[in-house]
Every structure is written in C-alpha cells, then in structure tokens.
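Several structures are given next for inspection.
Shared between the two complexes below is chain A, which pairs with chain B and chain C, respectively.
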Partner chain A sequence: MEIAVGIILGCCALGAGICMGIGAIGPGIGEGNAVSKACEAIGRQPESKGDVTSTMIMGCAIAETTGIYSLVIAILLIFVAPSTFVGLLKSLL
Partner chain B sequence: MLKADKTVIKETKYIAVCILILSALMQAVFLILSRWDYRVLLGNLLTGSAMIINFFFMGLAVQKAVMLDEKDARKTMQNSQTLRMLFVTVVVIIGVTVPYFSVISVIIPLFFPRIGIMFRPLWKDKEKPGQEV
Partner chain C sequence: MEQQNRKFKMIDVLYLLMMILPIVFLIGLKILTSPATTGISISGARIYFKLPMPIQDLVITEAQINSWFVMISIVGLCLYLTHGLKTQNILRRQHLAEWIVEKVEKLVNDNMGEYFSDFGPFIASIIGISAFSSLMTLCGLFPPTSDINVVAGWAILVFLLITYYKLKGGVLNYLKGFTEPIFVMAPLNVLGEIATPVSMAFRHYGNVISGTVISVLVVAALQGLSAMVLGWLPGFLGEIPFLQVGVPAILSVYFDVFSGCMQAYIFAMLTMLNIAGAFPQEEYEKRRQKKLLKAKI
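Up next is the complex of A and B:
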C-alpha cells in the first residue's frame, strides 16, 4: 500500500514538473520570436509603432495562456490529484 | 524606471475592465449557486489583481523590447516571461494553500484575460479608423 501511494505521489510530482517545464518553454520562445519580428516591422515602418505594439501585447497575452493552462494542470496534479488517486486506491483495496 | 506608453495603459485598462466584469459575473454565479462566502471574493481579488499586474508588466516588457534590436528583444521577452510566470505561480500556490482563499475562485480568474482578448475584435470594430494610438 505504501509503495503504491509513493508511486502515485511520485508520478503526480513528475507529471507536474514535466507539464510546467514543457508548458513554459513554448510561450517563452513564441513571445521572443514574435517580438523580434515586431522589431523588424517597426524598423521598416516606424510610423506603425503604436499599432504593432498594441497587436504585440495582445499576441503575447494569447501566447502566455498556454503557460497558464500548464500551470493550472501542474497545480491540480500537485494539490488535487494525489488525494483523489490515493482515495480511489483505498476504496479499491 | 520605464514610463508606460499610452498603448500599454490603454490595453491594460481594457483587460482590467474585462477582468472586473467577468469577476462580477463569477461572483453572481457563486451567489446564485449558494456557494458564495468571503473566501470566493478574496480568491477572486488575489488572482484578478495578479493577472492585471502580470498584463501590465507584459505590456512594459513589449514596450521596452520593441525599442531594442532583435536579439536583445528576444532575450528581454524571455526573461520577462520567466519572471512573470514565476510571479503567477507563487500567487496561485498561495491561493491554493492558504485556507482563506477558495481554490476554484483562485483558478478561474487566470483565464479572464484570454476571454477578454477573445471579445477584443467586437470592441475594436466599434473604434473609428485612425482612433488608435
């Protein structure tokens, strides 16, 4: 029983770590690329700086949502899933 | 200290209004379902304000990044994203672990900026051409 609980806790922690690690890499790279392209665009057309900045802010917020989804999943895996799975295991045994 | 651009302030105001409206809606739903207590309000205040601050700092980072060259802009955004994600993570962990906050009301406002941006085209259509900053 203790081994099973340990495996459940370990898997939940591992899953949360992988989820957060991979989930946070994507938005970071995406935002970086988007802003570098925005710099290019502003360099070509300096008069469109306001429009580009406005679109960039919204675009970055959308890109960041993916990271927030992974954060929510990681939080659920750490704080909610272990007790649920251990309860399920106890009810099965 | 970087001074906030008009565009950043305008977009942050839009997101803040969206978060306020959606928070009021969420509180109303909790009231209707008879699940409302002070913890729901506190959780909503905690995450809602954190998301507004997060958005404002993202706007500042974008404002700073567009003035730099490509390589530095990329680094600036990546650093800013890491720090802001850390900030949101700390806020959410506090909200989930401290018993004065309701877990559901801490997690739901994390999605409010995305919902606000989803309705953004409806708002933008009403603006006159050339009205933007």
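Up next is the complex of A and C:
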C-alpha cells in the first residue's frame, strides 16, 4: 500500500515536470519567432512601432495559450491528482 | 449656492465610500476568517458557507463574494466619475470619464465594425471587472480571476453571444456551417465551437494562477535562503527573513499589474473578435432585404 502511494505521488510529480518542460517548448519557439519578426518590422519602419508592439503583445499572449494549458495540467497533477488517485486506490482495495 | 456646493460634496463622499468600503470590508473579512498559520501554502478559494438547495448545496466561496464586492466598487467608481457632468467648465474627473468612453468606443469601432457600435459598455465592463479583479492581489485579497468558475462564467456568456449572432444568419445557415468543408467534419466543428470558451477561460485563469504559484514559490525559496545565509546573526535577528523584503514586489509588478491588465485587454479583444467574426454579414443583409420585400408586398 505504501509503495503504491509512493508510486502515485512520484509519477504525479514526474508527469507535472515532463508536462511543463515539453509544453513550454512550443510557446517559447512561437513567441521568439513573433518577437524577432516584430523587431525586423520596427527596424524597417520605425514609425509604426506602436502598432507593431501592440499586435505583437496580443499575438504573444495567444501563442502562450498552449503553454498555459500545460501549466493547468501540471497544477492539476500536483494539487488535485494525488488525492484523487489515492482515494481511488483505497476504494479499490 | 453654498448649500448646493455642500450637497454636491456630500454625494461625492458617499460615492467614494461606496468605492473604498467594499475593499476594506473584504480585507477585514479575510483577516477575521483566515486561520493563523505560519507556513506558506497554495490553496483555492475558501468556502464561507453553504446554502441548502434541492439538488446540490450551493457553495458560497471567497471568489464569489470578492467578485460581487468588486462589482459594487466599480459601480461606485463609475458613479463618482459621472457625477456632475457639465457642458462647460468641466471637472477633472469628467475629462477622465470622457477619455475612457472615447477609447472604448474607438476600440469597438475599429475591431467590430458598424453593426456592433453599441457594444462599448459591455466591452468596457469586461475590461473593468477583469482588471480590477486581478489587481485585488495588491490589497492582499484573493483575486476572483484565479478561480476558474468565475472566468468560465464570463466565457459562457461570450459563447452565448457568439451563438446568438451566428443565428442571426438563419438557423439553417447556422447548422450548415457545421458541415463545412464536408459533412464528415461535423464532430470536429462542434468541438471547435466548444473550444472557444474553454480556451478563453483557461487562458485567463492560467495566467493569473501562474503568477500566484510562482510568487508563492519564490517567497518560500527566499525564506529558506535567508535562513541559510543570515542564520548566523545573534538572537531573533537570525529568524527574520530579510531577503523577503523587496524582491517579491518586483515579481508582483509583472505578474499582478502587467499580466492582470494584459489579460483583461486580451479577454476583451478576443470577445470582440469572436463575436464580430461570428456575425454573417452577407446572409443577414440578404434576409433583411427579403423581409423588407415581403413587407412591401
């Protein structure tokens, strides 16, 4: 029983870490692309800085969405999943 | 004249109290009801009481109470800003009120087009309640936006509005929209329809809660660090976490102030774009002309 609970807790922590680590790759690349293109655009047309910046921040926030999803999953895995799974295990035994 | 001036000032003070008292009341409630703990913990909204209901007990949480008091506070702010409107010799607060209204009208007109020009108050209230809810952390209160139920409620409201404006093009056209490009895609299209409010709710909730979690983790880490570095100081000096002073405030500027206002703007922006994108302009025009023709005959 104790080993089973230990495995559940460890796997939840491991899963949260992997989820966050892999989930952060995509938004990181996407936001980097967006910012680099915005920098290029400002370099070409410095007078359009305000418009480009506001559009870029908007786009960055939307590109962040998948990262936020993985964050929500990670938070669920750390705070909600262990007690749920342990309760399930106890009810099964 | 003198008496009128005094009456004006009295009402002003009343509105200001309406703005400030809810926040003070919430701080008092939090101090009185939160249990005394020394450890740092991450927890959801505290449950104040339960109302017995036939199917399931209605749970009144901190998030609900905080959001209602924020609404009262915003109403007080609006009443204060619009008190004593004049056409000449305008007060300073009227400048601010006019500036807000002009900005929101311009935003709505730029993003939604002519047909939705009366959407200004709705968008302004979304921005206001979202920003003020997130900024409540600055008073040490639980921000209602870090509870998914509150944000999901707003997202469901937006979803209903999207569906309403989609139905303006006719029920048949609405149903036909699901079978594009081919009818096999219908389940995926239904999923896509539901994904809009879900993603809006998760985006707002996740951004606010990530700030809370990271701030708490940093504060806990700083406590351990200062115990390690400054633990050799004699007596009670060694127990005071000096490193906790100032550093969390810098994080708070980004996570609470910048991110909170940013998310309010993004939520409003996505609301506008989704609603404007859902409205079938051509179909609506066709139907209206048909109706006009019928009425003439």
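We take it that the second predicted complex is superposed on the first by the 93 of 93 C-alpha atoms of A that agree within 3 Å, B and C clash if a C-alpha of one lies under 4 Å from a C-alpha of the other, contacts with A are read in each partner's own complex, and residues count from 1 in each chain.
FYI, contacts are C-beta pairs under 8 Å (C-beta built on N, C-alpha and C of every residue); 3 or more make two chains touch, one makes a residue touch a chain.
Quantities reported herein were computed from a predicted structural model and do not represent experimental measurements.
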Combined model on chain A where chain B meets chain C, clash or fit: clash
Looking at A:Met58 after the superposition, I want to know if it touches chain B, chain C, both of them or none. Which is it: first, second, both, neither? both
In the superposed arrangement, does chain B or chain C reach more residues of chain A? B
Considering only the touch criterion stated at the top, classify A:Phe79 as touching first (chain B), second (chain C), both, or neither. both
Kindly classify A:Leu71 by the partners it touches after superposition: chain B alone (first), chain C alone (second), both, or neither? both
With the two complexes superposed on chain A, say which partner A:Lys90 touches: chain B (first), chain C (second), both, or neither. neither
From the options 39-47, 93-101, 165-173 or 237-245, pick the one stretch of chain C whose C-alpha atoms clash with chain B. 39-47
Can you give me the overlap between the chain B contact set and the chain C contact set on chain A? 57-58, 61-62, 64-65, 68, 71-72, 75, 79
For the complex, which residues does chain A have touching chain B? 20, 24, 27-29, 31-36, 38-40, 42, 49-54, 56-58, 60-62, 64-65, 67-68, 71-72, 75, 79
Residue ranges of chain C in contact with chain A within the complex: 42, 199, 202-203, 205-207, 209-210, 213, 262-263, 266, 269-270
Quick one: which bits of chain A touch chain C in the complex? Just the residue numbers, please. 57-58, 61-62, 64-65, 68-69, 71-72, 75, 79
Across the complex, what residues on chain B touch chain A? 5-8, 10-11, 15, 55, 58-59, 62-63, 65-66, 68-71, 73-78, 81-82, 84-85, 88-89, 92-93, 96-97, 103, 107, 110-111, 113-114, 117, 120, 132-133
